[in-house]
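There are two complexes below, and they share subunit A, which is joined by subunit B in the first and by subunit C in the second.
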Partner chain A sequence: MQLRKHTLAATAVLGLALAGTAFADPAEDTLEVTTDDGVITLVTTAPAPDHLKDVFDTIWSGWHFRDDTTRDMQRDDFDNPSMVFVDRGLDSWNEAQGKGGESCAGCHQGPETMAGLRAVTPRVDAKTGKLMIVEDYINSCVTERMGLEPWGVTGNKMKDMLSLISLQSRGMVQNVAIDGPAAPFWEQGKEIYYTRYGQLEMSCANCHEDNYGKYIRSDHLSQGQVNGFPLYRLKDAGMVTAQQRFVGCVRDTRAETFKAGGPEFKALELYVASRGNGLSIEGVGVRH
Partner chain B sequence: MAKDAKPRVKVPASAKAGEVITIKALISHQMESGQRKGADGNLIPRSIINRFTCDLNGQNVIDVTIEPAVSTNPYFEFDARVDAAGDIKFTWYDDDGSVYEDVKSIKIA
Partner chain C sequence: MTSQHWLVLAMAALLAGPAASETAPSAVTFEDGAIVASLTGTPGDAANGKKVMTTAALGNCVACHPIGAMPDVPFHGDIGPPLDGAADRWSEAKLRGLVANAKMTFDGTFMPAFYKTETYIRPGAGYSGKAPEGPLTPILSAQQVEDVVAYLLTLKD
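Right after this comes the complex of A and B.
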């Protein structure tokens, strides 16, 4: 029994020690990325956008909440494992894979013509009135212009292409429209953000607004910004999109989740992106 | 040829004679260890890159035997002294017999 007592005492001490370090501010750091075209500096922290002024003074990219070694991987394009997937996306871009031999490059020339798209999506398509994420634009080309079956919204082909297209907007400031035709989608997204889901009855805000900077078990809670997506997640050794992250978060509340690429999570992506208006698109980030 | 195997290497464009440079070499590869079971309960056969070499102007710089414990997309970073301008050749050997190559040239500044 003596041993047991000691163990309990040790646990109590450990518990106290953990409680003492339960808050860790976002790391003070600057993200300068060495690219093939020289060094670029990304905006990873900014004053909160107007609609969020009551909640936050400052918004932080999730990059600030990861540890030194993970942050370092994003400083050099060679060390950033996402670039493997960008390379695959580029091969796919140039490949004549349509029914009539169409390729992305055939219409759009180089992928750099996609610069800026990632920074303003999700957005409402002027013609159809539908809320479009980048995946929707890709699939509209795949089905309408190439005559193919749509790519799975979280499949590898889609994520490779999304990584390539997102990278073209790296360094541009995220600026999604929340007014006009986007307003009803934005309101829907906001509603979802503040709704408690699942057996644990947790909303996005419970972690990412009320408790960011603290630890949930061993995970350092960020503000849940999506400017770094799609990103390489070390745990999965692969790319993760914002849509997949939403599924993961809601699943962790022990809820039946909405579908990735479905109307609910697209509206949520618009709302969450608007909370990060002012941060740079990181193109392809690295998180653990 | 394993699908998606794609080499990436990073070498400075130029160096001083006798300078020690850092070379980075990565190849995308699933590096299936042969220890895992698939959904059907059977072992997924081993499929890895088992050897990596780098040669500078025909002289070997590094020759690595890679074992199944090495994770996906193997990445090597190492230093080499450059005495003369020339080509740096990288070679990866796949279990299935495929050989992937990449060459970068370096100048003496």
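Right after this comes the complex of A and C.
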């Protein structure tokens, strides 16, 4: 908050000469996180992946575009509000909640067995040929192996579990496959990314490719990367998943959105994730 | 929606609706990006124009444009060019065209068209994220466009 006021005052005093230059840059900063297991350094900026080279030289996590206070909250797990939800996820992981008393832990042991999954999803499941986000994997266990009704894709039970599972991949480099069986889904996601939806006729690219680093009213536009998700959003005082963020961004173009967890947004998540191949999974991040 | 609903809507539209002299969005003609005639025949109100330009649910022009003449309004975006001096650069007709549909002047521009109801991809009912239930209305009414133009005409260096 402090910083934002500062920026505004500077703009007012110096007039419009600053617009689009100095304060538009992503913050120069390094994300070292103090965890229970010591300090880890996350990759929050990297050379653009090959498929994006004609568009960007460098990719940046959304973390670089948030103010000092928000960035700081992600430096220490003690200050990161997401950890409350990770803890709830751990309780759920250990709880015998299946129809026959099954628990996640019963089949998978500790949550650390999930390390790596978040970094390679969305991915096409080798057995079914379906495009899977982590939520889909969770729900396939919930329904097929525990005999329960599927959890709501943006419901609290799902988000708690997603937070726990994502955290196991923290610090691993996001690396989703875009070729082979993933190719048609990736193409579909790319098409959505560049389509100008809604009465405002805006595409993801209009904001996050053409104008990242600039301000849209008080919002500092990032590259719209998903490596930080799920993340704690101060504005919502809760966890937000990539699927939910897509709904919000498309709604803001005065468009009829696609459904969270539906085929369009899953394809979009694959495409957007591929634009961040090379960045660390932060999940669970903090944004405002 | 039942036909009765439609009837009620149609009647409401007639009652609240455009004055006889108002040009509907689909009937607007552009000449080289400009709209020569007023959309309503009623002179614009610059004070209301400023309100439209700074209200998020209406024009929200300050979301993208810095406007030095509005130091009282917080958080100007910097995506579009500053609007100060706009009246020195553009005629009234051209400004009307820019507000109604800037794509007629700048091909493929990021700036939304504020007086248009057709050729959208998945338009929603306002900011609800849902499909609209009836025909779309433009983002700004004809008179709001005139009011914004009246304000823009005050922006002289």
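Definition applied: the second predicted complex is superposed on the first by the 265 of 288 C-alpha atoms of A that agree within 3 Å, B and C clash if a C-alpha of one lies under 4 Å from a C-alpha of the other, contacts with A are read in each partner's own complex, and residues count from 1 in each chain.
In this section, a contact is a pair of C-beta atoms (placed from the backbone, for glycine too) under 8 Å apart; a residue touches a chain by one contact, two chains touch by 3 or more.
These figures come from a predicted structure and were not determined experimentally.
Participant: First (subunit B), second (subunit C), both or neither: which does A:Gly198 touch?
Facilitator: A:Gly198 sits against subunit C, while subunit B stays out of touch.
Participant: Please determine whether it is subunit B or subunit C that touches the greater number of subunit A residues.
Facilitator: Larger number of subunit A residues touched: C.
Participant: Contact-wise, after the overlay, does A:Val247 reach subunit B, subunit C, both or neither (first, second, both, neither)?
Facilitator: second
Participant: With both complexes superposed on chain A, which partner does A:Gly62 reach: first (subunit B), second (subunit C), both or neither?
Facilitator: Neither: A:Gly62 stays clear of subunit B and subunit C.
Participant: Please indicate which partner A:Asn211 is in contact with in the superposed arrangement: first for subunit B, second for subunit C, both, or neither.
Facilitator: The answer is second: A:Asn211 touches subunit C but not subunit B.
Participant: Examine A:Phe78 and indicate which partner it touches, taking first as subunit B and second as subunit C; both and neither are also allowed.
Facilitator: A:Phe78 sits against subunit B, while subunit C stays out of touch.
Participant: Quick one: is A:Ala255 in contact with subunit B, with subunit C, with both, or with neither? Answer first, second, both or neither.
Facilitator: A:Ala255: touches subunit C, not subunit B.
Participant: Taking the touch rule as given, give the residues of subunit C at its contact with subunit A in the complex, in rising order.
Facilitator: 56, 60, 62-64, 66, 68, 71, 74-79, 82, 84, 110, 112-113, 120-132, 136, 139
Participant: Show me the residue ranges of subunit B that touch subunit A in the complex, using the header's touch definition.
Facilitator: 4, 6, 8, 10, 24, 26, 28, 71-73
Participant: Across the complex, what residues on subunit A touch subunit B?
Facilitator: Within the complex, subunit A contacts subunit B at residues 78-79, 81, 83-84, 87-88, 91, 237.
Participant: In their shared complex, at which residues does subunit A touch subunit C?
Facilitator: Subunit A reaches subunit C through residues 8, 11-12, 15-16, 19-20, 24, 195-202, 206, 210-211, 214-218, 247, 250-252, 254-257.
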